[in-house]
Amino acid sequence: MTQNYVRADGRAIDQLREVKITRGWSEHAEGSTLIEFGNTRVLCTASFESDVPRWLRGNGTGWVTAEYAMLPRATNTRNSRESVKGKIGGRTHEISRLIGRSLRAVVDTKALGENMITLDCDVLQADGGTRTAAITGAFVALVDAVEWARGEGHISKKAEILTDSVAAISVGVLPDGTAVLDLPYGEDATAGTDMNVVVTGSGDFVEVQGTAEGVPFSRDQLNELLDLAVIGTGQLAEIQREALSK
Amino acid sequence: MTQNYVRADGRAIDQLREVKITRGWSEHAEGSTLIEFGNTRVLCTASFESDVPRWLRGNGTGWVTAEYAMLPRATNTRNSRESVKGKIGGRTHEISRLIGRSLRAVVDTKALGENMITLDCDVLQADGGTRTAAITGAFVALVDAVEWARGEGHISKKAEILTDSVAAISVGVLPDGTAVLDLPYGEDATAGTDMNVVVTGSGDFVEVQGTAEGVPFSRDQLNELLDLAVIGTGQLAEIQREALSK
Amino acid sequence: MTQNYVRADGRAIDQLREVKITRGWSEHAEGSTLIEFGNTRVLCTASFESDVPRWLRGNGTGWVTAEYAMLPRATNTRNSRESVKGKIGGRTHEISRLIGRSLRAVVDTKALGENMITLDCDVLQADGGTRTAAITGAFVALVDAVEWARGEGHISKKAEILTDSVAAISVGVLPDGTAVLDLPYGEDATAGTDMNVVVTGSGDFVEVQGTAEGVPFSRDQLNELLDLAVIGTGQLAEIQREALSK
Amino acid sequence: MTQNYVRADGRAIDQLREVKITRGWSEHAEGSTLIEFGNTRVLCTASFESDVPRWLRGNGTGWVTAEYAMLPRATNTRNSRESVKGKIGGRTHEISRLIGRSLRAVVDTKALGENMITLDCDVLQADGGTRTAAITGAFVALVDAVEWARGEGHISKKAEILTDSVAAISVGVLPDGTAVLDLPYGEDATAGTDMNVVVTGSGDFVEVQGTAEGVPFSRDQLNELLDLAVIGTGQLAEIQREALSK
Amino acid sequence: MTQNYVRADGRAIDQLREVKITRGWSEHAEGSTLIEFGNTRVLCTASFESDVPRWLRGNGTGWVTAEYAMLPRATNTRNSRESVKGKIGGRTHEISRLIGRSLRAVVDTKALGENMITLDCDVLQADGGTRTAAITGAFVALVDAVEWARGEGHISKKAEILTDSVAAISVGVLPDGTAVLDLPYGEDATAGTDMNVVVTGSGDFVEVQGTAEGVPFSRDQLNELLDLAVIGTGQLAEIQREALSK
Amino acid sequence: MTQNYVRADGRAIDQLREVKITRGWSEHAEGSTLIEFGNTRVLCTASFESDVPRWLRGNGTGWVTAEYAMLPRATNTRNSRESVKGKIGGRTHEISRLIGRSLRAVVDTKALGENMITLDCDVLQADGGTRTAAITGAFVALVDAVEWARGEGHISKKAEILTDSVAAISVGVLPDGTAVLDLPYGEDATAGTDMNVVVTGSGDFVEVQGTAEGVPFSRDQLNELLDLAVIGTGQLAEIQREALSK
C-alpha cells in the first residue's frame, strides 16, 4: 500500500470525500443539520423534550436517543418503506442504536436533567457511509439543541452537558488489499472488510465495528484501518468545530 | 370578501405562497423534484419499474401509485415514526391514495404498457398544504421519469403517456368567513372549512375534497372556494410548465 | 340529461333506492340502527362511554368517533378480514374518518361534556353507497344514544348536543355522461366520476368528496351532481325524521 | 337434579332457547344463514372457491375452514376491533379452529375435489353460546354452498360431500350444582363448569370441550352434562333438517 | 381392546412413557422444572411478581397465567419463529390458555393476594404430548415459586394457595380402534380421536378436550378414553409428589 | 494491570469460564449443541434444507443464516416474549445478524451448493456472553449438519464447505481500568468498555465490536483487549476441536 494509490473517484486512500454541514436546515427542530459526505446526504434533526422515557423518570438524569431511516428512493433501486412493511429491519435497528450510543458517549446525562433529546437521522440520498455521516451530523444538531434548551432555560446556564465532540468514519479493505478511508457505495460493495469507527474530539474510541465480509482480516490490517479512521475523524472534528463557530 | 383583505403573511386572498420547483434533486431516481410552497418542502421521487403489481399482470396496462410520508420532525412537534408504530395511520393512507388517483387521472395506463411508476412524496418540512404540494411536485417528477423511460427504450418514442398536467391547491374559509387560497399551517388550523382541489392543466376537476371542520358551508361558499382553486391551480400549471421547460 | 332517462333498476336519475331504517336492532347498544339503501345493509351501533380519549381529558369537551368495517362476505367475492391481515386498509381508514367528521359536524362537543360516543358501522351486505348509508344510519343511532344518556343522567336534561341532523348520498356520472343519484354497485363500478356528499338537515354541506375515476369533470357537471345530492339528502333527512318520530 | 328446576328465563334444565334459522340472509354468498339461539344472533356465510390453500394443491382433496368474529358491540360493553388492535385474540383463534374442525368432521374432502369452502361466522349479537350457534348455523350454510356448487357443475352430481349433519350446544353446571342445557350469558358467567359439545346427526361426538372455571367436576357430573348435550344436539339436528327442507 | 396389545414403542395401552422431572433447572426463576415425557422435553419456569395485571388491581386477588412456545427446531422439521412472523398462532394461543386455566383450577387466587405467577412452558424437544407435559411440569414449578414467595415473605406463612395438585395426559384412539394412553408423535399423527385430559390429584376433571380428527367417536369410546386418562394422571400425581418430596 | 488481579468469581483476567459443549442435544436437528460458558447456556441447532432463499435461487450458491432468541426467564427478571410483543427488538436483530455473518465467514457458500443451513441459538439461561457462546456453539452444530448432509448425499463427498473454524469471546474494561476476558453478567453490567471479538481458528478477525458504555477507550486499551480476545478464542478453538473429535 502506498499513498500514491488512486481510487475510482480520484481521492487518496486517506482522504475524506467533500464534507458539507448546513446548520438550521429545518425551521421546526431545536437543532438541525443537513450533512453531506460526497453524494451521501443525511438530514439530522434534534428534538428537545422536557420529559424522559418512563423507565428513567424520577432519576434526575436525561436521555439521548436516535432513530435512523432511509427514504425509499435514497438508494439506487427503490426499497419498500418500513412503515408499509409494518416492521423495522435489523439494519435500521442496528444503526439507530449505534447513533444513540455514540452520542450518549459524549453527553453527561446527569447534567442534562430530566430532559430528552431525540436525534432523527433521515438519509435523503445514500452513497455509502450513511451511518457515519449521521453520527457526525447529529452531533452538530445536538449541540444546537442543547444551546436552544439553555437559551429557553430548560437547562441551567453553566451545566456542562457535552463532555467532548464525536464523529464517525468508515474504513475498509479493497479487494486488492488496500486500506482506504470513507468508502462510497461502489467501494463499500466490494470491500472485503468494512469498519465503522466512532471517535471523540480528543481521539479516544467510542465504537469500533469491523466486519470481514469475505476474507478475515489480520491484526496488522486492523491497525492500518484504525490509523486511517483516526486521521478521518480528526478532520471531521475540525469540520464540526468550524460549522459550529459560524 | 374584498381583494383588500390582508392575511397574516401579507398575501392577497387569491395569492399563492412562493412556489419553487427544483428538478433532479435526487441522483438516483428516474425523476425527482424538491417542491416548496412557502415553508412547506416536499421531496418527490419517481421510480420506474418494468413490471406491474401482480393483479395487473398480463393486461398490457401499466400503473402509477404514490406513497406519502412525513419525516418525524417535519412538524412543529415531533411525531412518532409510522415504521416504529408498526402501522400506517389513516391520514397517511388517505393522502397516498389521493396522490395516486390524481396522477392516474392524467396518465394513459394503456399507453404506459406493463410498467409501473411509484411516486414517493416525503415531507421534509411541513407548513400546510403538504398534499397539494406533493401532487404538484409529483407530476413534474412523473414527467421526468416518463422521459427517462422513453430515452431508455422502455416506452415507445411516440406513446402519449400523459394526457394533461395536474396540480393541486388548498382553499379554505377563515373564522371571519373570508375564503382564501393556499393555507399555511396557521390558517389551516383555524379554518372552518378546508378544501383540497386537484385540477388538470385544461381546468377540469380531478378531485374536490371539502370538509367543514366547524360550521357547515353553503353552496355560495363552495362556489367561492372553487373559484379560488381554479385561479391557484392555473398558476401552478404555469409554474410546472416553466420548470419543465428548463 | 333528461328526467326520462331510465336506469338499470328502473329508477329516475334523481330517485333514491328504497331506504329502510330499523331502530333498536341491537339489544346491547345505547343506540342502534339497521339501515338499508336497496340491497346495501349497514348495522350502526352507538356506544356511550363516560370518558374521553386521553388527549381530550380535562378539557370538559366530549368526542364522537366512528369505525367502519365490512363483513368478509358482504361483497360479491370474499375479502380477507383486516383482523387476519393484521392491519386496516386505506379505504377503511378513510371511510371511518369521514363518518366521524360528518357526525361531529352536528355535535356540540362542549355540550356533550367529557363523554364519548363511538359509532360502529358494519356493512352486512354491500351494493354501493355503504359509506353514505353508514352516515345516514349512524346519525339515527347517535340520536338514540344521546337520548339514552340523557335518560340515565349522563347528560343534563337541557343540553343541546345535536345542532342539526346529517345525511349523506352518492352521486356520479355514468359513462354516457348522465348524472345520477344513489349509485348501486353496478353503476358505481362504471361511473366516470363518483361523489359522496354529506349535507345537514338545513341543507348546508359538511363534506364534498368528488373523484374523477376516468375523465376529469367540468364545473357544470360538478354543479349538476351537487344539485342531485341536495335533492337526495333532503329526502334522507325526512326519512330520518320519520324514523325518529316513531 | 330434577326436571322441576326453574331457570332465570323459565326454561327447563334440558330445554333449548328458541332457535331460528333464516336461510339465504345474504345475497352474495353461496350459502348463508342467520341463526338465532334466543338473543344470540350469528350470521354464517359459506364462500365457495375453486381453489385450495397452497399446502393442499395437487392432492386432489378440498378444504373447509372457518373464521369466527364478533362485531364490537355484539356484547354488553364494546370490545375493541381485532383489526384495530392488529392481532387476533386467543379466544377468536380457538373458536375459529373449533368451527373448522367440527365441519370437516362431516365433510369428505376427497369427494369435494380441489375446492375450498370458507365459513364466516360473525356474531351480530351475543348472549352466550355463540360458538355453538355458529357451528349449527354454519352447517346449514355449508349444505347450501355445496348444493350451489353442484348446480354450477363445480362438484359432480353424485359426489357425496357431506357424510352426516353436525350441530353443537353448550351445557354447564350452575353454582348450585344443577346441570343445564344451552346457557345464555347470565348463566354462563356464573357456571362452575362449562362444556361445549359437538355431535353429528347420528349422535356421535366430534368435540367435547369441558372446562372447570371454578371447582373441578366429577365423572358423574361429566356424564350428566353429556346426556344433556345429546338431547340438545338431537333437537338441533331436527331443526336443521326442517330448515333445509324448505 | 385387550391389555396384550403392543404399541410401536412396546408400551402397554395404559402405560405412560418414562417421565422425568428435574427441579431447579434454571438458576434465575423462582421455580423451574425440566420435564420429560419420553422424548418430549419442556422447560417450565415460574416467575413470581408482586403485582397483578391492571384489570385485577385493587381486588386483593392474585393471578396465575401461562405462555407456551416451541423452539423452532423442537420438531422434526423447522418451524418459523412466531416472533419473526410477528404474530402468535392459534395453536399456541389455545395451549397457553389451557395451561393457565388448568393451573388456576388448583390455585386460591384470593389467598395468593395481589401477586402474579407466570408459567413459561418452552418446548425444547417435541414428541407428542407437549401440552400435557407442560401442565404437569408447570405445576411443580408453581409449587416451588409459591414456597419461594412464602420464604421471602411475599405470601403469609399459613396461606393455603394450592388447593390440590394438577396433571394432564393425552389419550387417543388408534386407527384400529384401540384406545391408548400418552401418545408420542407417531401415534398422535394417525389417531382418529385425540383427547387431552387435565385431572386434579383427587381425581376430578379440570379439562376434557376431545377431538375427532377423522371418524366421530361414540359414548363408549369416550368412556374408555376417560378411564385411561384417570389412570395416567393418577400416576403423574404420584410422580409429582415424589419430585416435590426431594 | 497485573496477572494477579482477582475477579469476583476467582478467575484470572485472561481466564475463560468453564466451557462445556454437549453435541447432539436435540434428537431432531441435523446438528445441535448445548454450549455452556459458566452459567450461560445456549442451545444451538443447525437445520439443513435443500433450498435457498428466493433471492439466491439459480445462483448455485448456498446460504447460512442464524436466529438468536432468549427464553423469557433466561434472565434474572422475566422479559416479555417478542412473539407476544409482535416484533423483534433491535438487540435480537443485531445478534442474529452477527451470528450469521460470523459463520458465513468460514463457509464456502459456492461449495455448499443451493442448500441452506439455519442456526437457531436459543438462550436457555443467561449470564453474560450469550452471543459469543452462541457463535462458538453454533459452529459445532454447523459442522455436524454439514457432515450429516454429506452422509445423506446432499453435499458431495469432497466438497470443502468449511474453510476454518470460528469462535467468539467478550472482553471488557472494568471500572478500575482492568481489562478482562469472558465477562459474566455482573462484570458486563459495570464494564466501561465492552467488546465482542470473533476470531477464526487461524487467528484472523471476523468481527470486532467494541463499545464504550461510559468513558471512551484509548488505542492502548483497545490493543490490550484484542490481546485477551486472541488468547480466549484460541482456547475456544481448541475446545471446539476436542468436542468434534469425540
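Going in written order, the chains are labelled A, B, C, D, E and F, and every chain counts its residues from 1.
As a working rule, contacts are C-beta pairs under 8 Å (C-beta built on N, C-alpha and C of every residue); 3 or more make two chains touch, one makes a residue touch a chain.
A quick map from chain label to UniProt name: A, B, C, D, E, F = Ribonuclease PH.
No experiment lies behind these values; they were computed from the predicted model shown.
Steps from subunit A (Ribonuclease PH) to subunit D (Ribonuclease PH), taking the shortest chain of touch contacts, total 3.
Ranked by how far their CA centres sit from the centre of subunit C (Ribonuclease PH), the chains are topped by F. Counting the residue numbers used at the interface between subunit E (Ribonuclease PH) and subunit F (Ribonuclease PH), over half appear in both copies, so the two copies meet with largely the same residues.
Chain pair A-B has a twin interface among E-F, D-E or B-C; that twin, with over half of the contact pairs alike by residue number, is E-F. If you average the Cα atoms of subunit B (Ribonuclease PH) and of subunit D (Ribonuclease PH), the two centres end up 51 Å apart. Between subunit A (Ribonuclease PH) and subunit F (Ribonuclease PH), the centres computed from C-alpha atoms are 28 Å apart. Each chain gets a centre from the mean of its Cα atoms; for subunit C (Ribonuclease PH) and subunit D (Ribonuclease PH), those two points are 33 Å apart. The centroid of the Cα atoms in subunit B (Ribonuclease PH) and the matching centroid in subunit E (Ribonuclease PH) are 59 Å apart. Each of residues 86-88 in subunit E (Ribonuclease PH) touches at least two other chains. Contact residues on subunit B (Ribonuclease PH) toward subunit C (Ribonuclease PH) in their complex (touch as defined above): 87-91, 93-94, 96-97, 101, 105, 164, 195, 199-200, 202, 204-219, 222, 226, 230. Against subunit D (Ribonuclease PH), the residues of subunit C (Ribonuclease PH) that register as touching in their complex are 26-29, 32, 39, 43, 45, 47, 49, 67, 69, 71-78, 81-88, 92, 118, 120, 122, 124-127.
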